[in-house]
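Structures are listed in the sections that come next.
What follows is a pair of complexes built around chain A, which joins chain B in one and chain C in the other.
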Partner chain A sequence: MSTTTKARTSSFSRNPLAGPTSQIPGLKPGPNGAVFVSSGIPDLDRILGGGFCLGSLIMVMEDPEAPHHMLLLRNFMAQGLLHNQPLLYGSSSKDPKGFLGTLPNPMSPKDDKPRDRGTEQDKDLRIAWQYKKYSRENQLDSNHEFCSTFDLRKPLERQYFGGKHVDCVSTQDLTLDILLQRCSTFLAQNSRSGSSISCGGRIAIQSFCAPQCGYIDKDWDMLAFIKSLKGLVRASNAVAIITFPHSLLSSSFSKRWQHLADTLLSELAQLLTGYQEMVGFLGIHKVARMNTQVPLVLEATTFSIKLHKRRSLVLECLNQAPIDGASGTSYGTSSSCSTSTKQGSLDF
Partner chain B sequence: MERSSNLLDEALGIIYDNSSLSSSSSSLPNGSCVLIEDCVETSASFVIHHILKRSLSPNSSSSVVFLSLSHPFSHYDRILRKLGCNLAAQRDNRRFFFFDMLMLGCTEQSLGNIHSGGLIELYGKIQKAIEDSNSSSGNSKCITIVLDDFSLIEVAAKGSFNHSLDFLRYCYTLTSEFGCSLVILNHEDIYLEEESATPILQMEYLANILIKAEPLSTGLAADVHGQLTVLNKGTYDKTRNSMNKGLGLEERAWSHGQLMRNVVPSRLGVPSMLRV
Partner chain C sequence: MAESTCRVLRDGALEGELAPALTIKDSILTPLSFHVFDYVLSQLSSYVLAGKSQSSGMVIVALTRSPSYYVNMLNSGGIDGVSMDKWHVLLQKLKGCGQIGSCPDSSSGVTVFRDVRNLEKLFSAVLELGKGIVGQGKDRFCIAIDSVTELLRDVPLSSLAGLLSNLRSHERVSSLFWLLHSDIHNTSTNAAVEYMSSIVASVESTAQLKSGQQGLFLLEQNLRKAKLRMRLKRRNGRVRLMSEEIHVEQSGVTFTSISSEESVAQTLVPKVHFNLQLSEKEQLDRSKVVLPFEHQEEQNGVATEAEKSGMTENSSRGEIIYLRDSDDERPDSDEDPDDDLDI
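Here is the complex of A and B:
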């Protein structure tokens, strides 16, 4: 008895989570005992310091003029299915199952060439020397790497849907209590039992306070729902992401929602034209700090969302206004003009 | 080696001397009420961690009653370990009482409790913890009650300001009844609209020391994370036998020393301009 208490109260205890999680695909141990799951966007993982923290609640503030939260959700959900993680998807639409058909497929290794040329050539050399080994490695990688790059133009292959706990609910015909019950039974299936982590579950709820759900006069009930969901997720082995149209809430309730989030993202429609690849902006307001009080210092709070070659999502820092090389205007005028408009719209 | 007392201690009225082994109290002054306000961009939870660390330091005899609505025990335990304080051991010593209220107001409750969201029951638990702690060690002990955070109590009470404010006032009576000190974390930006400002105004009225955390108005900086505004309403401090600062406003910038994993508040470069 005395030895067990001693082991528990000692400051130098081995982290029981560090060992086993490194072998489970889709989970990555982070600092301070945190475990990360991937957001499905490599750049976002990097910005957030590893990915979404297991046990955290991510909230995305929707822009009524832009559907970028759908891109985030698609990648998030597809990544989960790729890693064989259970998924619960709640949506305000009548047919939430239909959304699963729009999930992107991971890029096949053939066309998933890295953006820089140098590594590409290195790999080619390796192929020439050890062709067999390389091809086998690649097959493993596409299923087991922590974060895949997704091709938004190709739908997710059928094989990834098979035999897993994929649950879809329409929030239109559910009351908040029942929705919470669905979430809690879903989470109970993969609860955090001691030190063994099986795989991270994912909950995605889209457009939570949209008018068609009929929650609009239940401000406090919605808050209580989010608070309970946060508590449930924290105690279990899962990640929840909620997107909400914050313009529908009063400003004080919107702030309450934002305070409840562990990680808070926002999206912004693109106000500029002439940037071919850029589709909008992503703001990062809060990053989950589990078990630590040291805040993560971001290089920037606003990133541009780009569609690289019209297929994969890329986030880029906006240090300078991007200059559109294709447009015929001279260098000087275009840059100065775009800088001023950008600062006006983004409120740096 | 850590500095004996930093600016945050000074602002809170904590006298902390690491070097001397005298029985100087390193907890908050008895009967004080501290309100900490933060906003979405800048969290002020580090002030709570600092108060916890000081109150549970080895050369003080005070204990802490901690109501957590936002994080589980393991979160605080890890943070305080980095600051050199073992919460699990203090809990076993009955110096640290932790109420995990993550699911407050969510679980099924008895009929009488539905409207108040279980707050009456919760207050009963706090009172009992304080009475137990007082009876076991005489009345010399100073108890700090920490509420993290108040906006979630409002959520648990399903938006009934009467219930949540009653709960707060009850906790406040404990400061005079048992000489406890009360620390409340709340979010300022929730109450910016005029019609919803009542709770925060009442709290600001009750508090002796008001601490506001804001992001730097100049934007992101690599090593400064925000600024703290401390308003000390001037309480009579027995240990110093003098008025502990009059009504004054001080602004400080703080930075989290990344290597120390510790919070080191430092004065802004131009104190003469900012001090009133």
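Here is the complex of A and C:
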């Protein structure tokens, strides 16, 4: 840190972090002036280095056989509602409001037995630890915690569904222009300019290029929509997540869409006969990095999705190459990872 | 197995969930999908009749075959005219086609739908008919579409996808299934239709065309026998793969499970460059090995120290061969961790 003498070694001085951001629930300041919002899944936040960056576009490549993107969306939307962040949900079905009924409720503290805090509950063992005060002690109120663990079996309580904050739109009959207009009006009414950073809201679009949408043959228009949405989101400090079934696009357009994403996730259905707890795989291909050129290098890019006690979503790093039970071949060779039989390569 | 697929369709949809949808697809080499379709139809009908299924009625959208075919099939399946009110056949009049067969418009259970291109009207007509069968309550009905390929002749893919997804998400629909000829459409259409369904059953040929063989013989064989591969998408995101053989006989279609090398119990051991299994002799030898501290129970006080070279004992017993890393190491160094190694 620079000293207070007149002679400074550089002309740049580090700005103290703005006070308000640490007080707004739901926003967490990160390195390089980035601000994070939570994805609703604690493991995913940790893997991505804090959460979803404000101003970024997250794209999720759907597997036609797996419904895990719905889990991601549910957690994302529920977390936004918990933090009172405005939400716009676009779906390819005729009745998107129905999906809101499936959002999960945060787990109540009495059910939550965290996996890594077993020793604290051990009554006959007292550990005198010098650094205990630096670790997370308080169980904050779930509304003000940055990321809550959601109980997927309980629906979200009515109190979080404030009328003005939540908007639903069905993409089945709309044209892309109208959809873009809806998004921009939603973002305009929520964003504020000025020194205090606020969250412009969350946008979640499910199955963007599903076959029942009228615009699916307009490849270039869809690409333009995504680019415009990305610009809108960046300008108004919001977060947008778009899931799309990538196998229904032509490969060149699928690649273009993947390149447009700031953060790119993909899901994989699970064909295994063993591994009963795993319900699928999540691949992380790109992580958004704001205000820096240094990329985030992950230890692993494929994680298994498990349901802990059938209630909460848990992502775990895979320790060995998954084996395709159907054909009996393994995805990885002994030294490096080769391409799998049908989906893209899984990286470890 | 085809029966488990029929059971999935029979059980239908849970509240707030999409109805299960089956795509039966084939190609020109093995045009047996109609047989599979008939099989699923008759199975579901028997479930409906017995009251075992979630749906209490069925609407058949007949585009390829005439309704009298279905009426006859249901009749021969033991469904007499009294309970025919549970089934309704919706015949879509094909463009440019005259009277189809001898199907009168006024026969019970058959409705002629004339507007080929308007899928929204088809959707509401199907719903109306279905509600007419099962009543206005909460009962559900299932839908069979004779062939999605025929529908795609006239309408764009997005309208068809909209129809299918709206049918699946409607609360009165219990399950639906349809037919698709995959070689008529391009891959994106096939991918889109498969995306809309939760079970995909594809009929493939069993015999490969080898050079020098009579093509006609194989063609004939493919008309009688084929392989059915099914991919079931389950609720939790896991996919189940199944395979069966189809044999077409006089009485109908039979399914037999494949007993060939494909269904060998798949071990989860990965293929690596070293051997993880033990042969018989090795397993036998392993069971004969005396573990380091075991023999102390028998022979008191005989403690053998670690030696520099391997020990040899009677060759009839299994042995542990311990080789030290380097011969210069002193055996009685204080830090020798192998001091109490007792072989």
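In this section, the second predicted complex is superposed on the first by the 274 of 348 C-alpha atoms of A that agree within 3 Å, B and C clash if a C-alpha of one lies under 4 Å from a C-alpha of the other, contacts with A are read in each partner's own complex, and residues count from 1 in each chain.
Please note the rule applied: a residue touches a chain if its C-beta (ideal position, glycine included) is under 8 Å from a C-beta of that chain, and two chains touch if they have at least 3 such contacts.
Bear in mind the structure is a predicted one, so any value in this text is a computation, not a measurement.
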Which superposed partner A:G280 touches (first chain B, second chain C, both, neither) | second
Look at A:I216 in the shared chain and tell me whether it touches chain B only, chain C only, both, or neither; answer first, second, both or neither.
-> second
First (chain B), second (chain C), both or neither: which does A:R311 touch?
-> neither
For A:N291, decide between first (touching chain B), second (touching chain C), both and neither.
-> first
Which partner does A:K154 reach: the first (chain B), the second (chain C), both, or neither?
-> neither
Could you look at A:D95 and tell me whether it touches chain B, chain C, both or neither (first, second, both, neither)?
-> second
Check the residue A:S250 against both partner chains and state whether it touches chain B (first), chain C (second), both, or neither.
-> both
With the two structures laid over each other on chain A, which partner does A:R182 touch: chain B (first), chain C (second), both, or neither?
-> neither
Identify the overlap between the chain B-contacting and the chain C-contacting residues of chain A.
-> 250
Spell out the residues on chain C that touch chain A in their complex, using ranges where they run on.
-> 16, 156-158, 160-162, 164-166, 169, 188, 191-196, 231, 233, 235-239, 241, 266-268, 270-273
Any idea which chain B residues touch chain A in the complex?
-> 40-41, 43, 45-46, 49, 71-72, 74-75, 78-79, 81-82, 86, 88-89, 92, 102-103, 105-106, 151-152, 155-156, 158-159, 187, 189-193, 196, 219-220, 222, 225, 256, 258, 261, 263
Would you mind writing out the residues of chain A in touch with chain B in their complex?
-> 5, 8-9, 11, 32-33, 180, 219-221, 223-224, 227-228, 230-232, 234-235, 250-252, 255-256, 258-259, 264, 285-286, 289-295, 297-298, 300-301, 348
Mind listing the chain A positions that touch chain C in their complex?
-> 64-68, 92-95, 98, 101-102, 172, 210-214, 216-217, 245, 247-248, 250, 269-274, 279-280, 305, 307, 320-321, 323, 325-326, 328-330, 332, 334
